[in-house]
């Protein structure tokens, strides 16, 4: 470890006398400086030629224009929820329609959040069909990034939840591929153990709180939810809001979630944690169904409100007879639920739109719907399939779902969904549930920041 | 034994024990999380991921690894990552060392500006740079290609390599080069014959650093790749579904992603320390 | 083996008689040297320019525009986006969170790294193994980091809660990433974990350059270990230490990856730092103009930090000349 000699680093400092020829130096230096700046300007100018600020022209890509003699082919970008397409669904489609699926890619939801705006914003035509749900339909549809469809393109008997997931502002932008509506799952043995009737689950929140208290025996809790992030918090609040007969905003887009019904809803929600203390505190860390389902399946949660997949997850560890399923108990109304359906939409810049539409129709067709229900435990999107005996036998949740559709099912997807619903409302709901703000203060705070944002959108989109 | 010596040896023993304990404690902190991920990849999730996990050594097996390493849709990202990271590392260091040498040795006017300009791109968070990068790559047809990814990574990583190596080159005694020049060697000859042979450790350190940076990147790869050029981190990120998370596969994939860089770091560990000694830390 | 003799390069060492000619040739040699040096940087600069020139300009351009109805910024608003940031509660909170995060990762981080480096600066059996194990967090890519810490922090079955419960330290599951103030610290803890190895490596390399003679001299002078540390070690490793401080600060100011993979900015913006907020605004709210302006703010802050570093690094060196 010899200490290194900190020798000088340049030739000139090594002792050679410095020649001062100012003019020569200056001219060289100036030339260098000029050439560097010229180079920089040239580089930026070259880059500026890429500077196609996306205009409102329609898709400008002329690659892969299909001629009538060439077989049409489509590229699909989906999330990673369903396997049916890869497991024979695509083959069936190709056989049925003669359209080739050149590529079918799956990406996680988080990745799609990043990729889709970039793809649409750059007017890319590399994908013809994309995955969508309530919020994206509204955000991307209103931005002109999804191809608008006519009502004849979608099945006539679409159920309300999935239908909402693909429409916005009265316009249809896609076709649902599966329906997902929350229902109540409960653990029958835990009911019995606490002396409750396993066939009489709660029908309102008073009963919910009482029964949950009876079954509370940490680590077992009567009620668990996934409110660990703002999205989950918003969902929990929306559910409660609808159960109080409230609405997020009215038809003129004035916020209504801080109405007395809203305050009532949030109070009920927060009380489960703060007053009655029947809700599992871990709910505030549980980010989504991924972590919620195992808790129920392990038998440490007696009641949960969950998407249909909760049944399949529970069946991994529980037997069918132990899993109870019923409609969501209401607060001032009998029941209400929230929607989480997903669908397919057509890229507005696609060059194969008619072929893409065929895929959308296929996804909602009885063949695909049956497979999604039977193999993956999702709910069908059309009412005609609600009563098919084999589907009901495989997925008892369908019956509950059918009943739930008699009550309000909403998600309030809108272009401002992420910022307002998830962002402002969700954040303040979390604060209320943590006891940091009173429910009224929380909702008023959310309303005061949300209304201007909504107004900006409404004005620029000329919605009213 | 004199009293003084007895006293010293007792203190010595105590300090040795304390030292070893401290080392073990810190290493536990550093290693345990990954160790736990390894355990997760070896046991069924239903056994492990619950309130009282059942860690049965008898049940441990490598089945998930077998699944992943025979799955072509996993091997593709693995291959892509290896390719992209190696080429990026080599290119960054070749180009970067030339630039670093030029900056360190030759006091040309504007060299400070050059160094700052190199870092300019680093300052702006990638979050906002990915959109125009996407546009550029699309327009030159390099989207979803390993080549496009390599060029982008070199752009991001090379400045740091330059900064790392400037310090090193400034520490190399000029006398060697002066002697060679006086002997009539050309400037390029000096590079090849004098500088290159003695820069070994610093260059290796830079290559390893560049490799790890390129191999591990998630966000840029997310944006710029698709089915063809998908890299390992992106693939691992896709293990998270909306409703189900394949924890065991994700853990196994996480371990697979980490093993090559760890091996590299282990094998070249002495070089890295030596390289950093001569480079970055020069006062 | 190519000799490229330059016309004016003297074949023999310059004598006094040659001095005037040596002056001229030295000047010209220096010019050529400078061109050569500059030329060496050209390939690197070409790559960097082509990768960054347009994107950085585009980022600034974006930050000066606001969304039109088409979801992409086309409406020029000048500094409107920046001004609006100061009215945005989440932005202001993000600034605070980012600063807190930086302090909490830099100071303990460097301290721990220095401690670890000093621990490893001794010869002991298994030192090589320890050095390799130390690098594990550094070698772990972001995605794997996310999975790892999810498995630890998960309230229901994360190993942290399991262990704490079994040891009886707590009697209920702690919501690590669900409690507002706790979440940011948890993420900082994970970030520390990822960054300590590299800093420790840098500092270890620096420590190994401290001449043994200095240690011995101090001990002979009767200096206790604390005094030794303050007066011998610290001054010698000053520059690498400053380097470590500043690199760590820069990274912490721009933190994004670890938050993206562990908490996604939650709970209730509890871990939303500046860079993450820029991401949220751009990709989730489709406010690319606002997102870019936040990113530019981060860039400016990083620039000032780097300039500070350069000031600290360059001045003493010129004094040493």
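So that you can tell them apart, the chains are marked A, B and C in the order they are listed, and the count of residues begins at 1 in each.
Definition applied: a residue touches a chain if its C-beta (ideal position, glycine included) is under 8 Å from a C-beta of that chain, and two chains touch if they have at least 3 such contacts.
Computed from a predicted model, the values in this text were never measured in an experiment.
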| item | value |
| --- | --- |
| Chain contact graph, described as a line, ring, star, complete graph or other shape | complete |
| Higher-contact pair (C-beta pairs counted), A-B versus B-C | B-C |
| Chain A-chain C separation of Cα centroids, rounded to whole Å | 34 |
| Mean-CA-position distance for chain B and chain A (Å) | 34 |
| Computed distance of Cα centres, chain C from chain B, in Å | 14 |
| Residues of chain B touching at least two other chains | 49-51, 105-110, 131-132, 135-136, 219, 237, 282-283 |
| Residues within chain A bordering two or more other chains | 6, 8, 11-12, 32, 47, 50, 110, 114, 121, 219, 291, 294, 300 |
| Residues of chain C engaged with two or more neighbouring chains | 33, 38, 50, 54, 58, 154, 156-157, 208-209, 260, 282, 288 |
| Chain A-touching residues of chain B, taken from the complex the two chains share | 46, 49-51, 104-110, 130-132, 134-136, 138-139, 169-171, 173-175, 178, 219, 222-223, 226-227, 234, 237-245, 278, 282-283 |
| Interface residues, chain C side, partner chain A - complex | 23-24, 26-27, 29-31, 33, 38, 49-50, 53-54, 57-58, 67-72, 74, 89-90, 153-157, 171-173, 175-180, 208-209, 211-212, 260, 264, 266-269, 280, 282-288, 320-321 |
| Residue ranges of chain C touching chain B (in the complex, touch as defined) | 2-5, 9, 13, 32-41, 43-45, 47-48, 50-52, 54-56, 58-59, 62, 112, 115-116, 119-120, 122, 124, 128, 130-144, 147-149, 151-152, 154, 156-157, 159, 162, 165-166, 193, 196-197, 201-202, 204-206, 208-209, 236-240, 243, 254, 256-257, 260-261, 275, 278-279, 282, 288, 291-292, 295-296, 298-300, 302-303, 306, 310 |
| Chain B to chain C touching residues, read off their complex | 19-20, 22-23, 26-27, 29-31, 33-34, 36-37, 40, 48-53, 95-96, 98-99, 101-103, 105-111, 114, 116-129, 131-133, 135-136, 151-152, 154-156, 158-159, 162, 182, 184-187, 189, 212, 215-219, 232-233, 236-237, 247, 250-251, 254-255, 257-258, 261-262, 264-266, 269, 272-274, 276-277, 280-283 |
| Parts of chain A lying in touch with chain C, wherever the complex brings them together | 1, 3, 6, 8, 11-13, 16-17, 19, 21, 24, 28, 32, 39-40, 43-44, 46-48, 50-51, 53-54, 56, 110, 113-114, 117, 120-121, 139-140, 142-145, 218-219, 228-230, 233, 280-282, 284-287, 291, 294-295, 300, 415-416, 418-419, 422-423, 426-428, 430-431, 434, 436, 449, 460-461 |
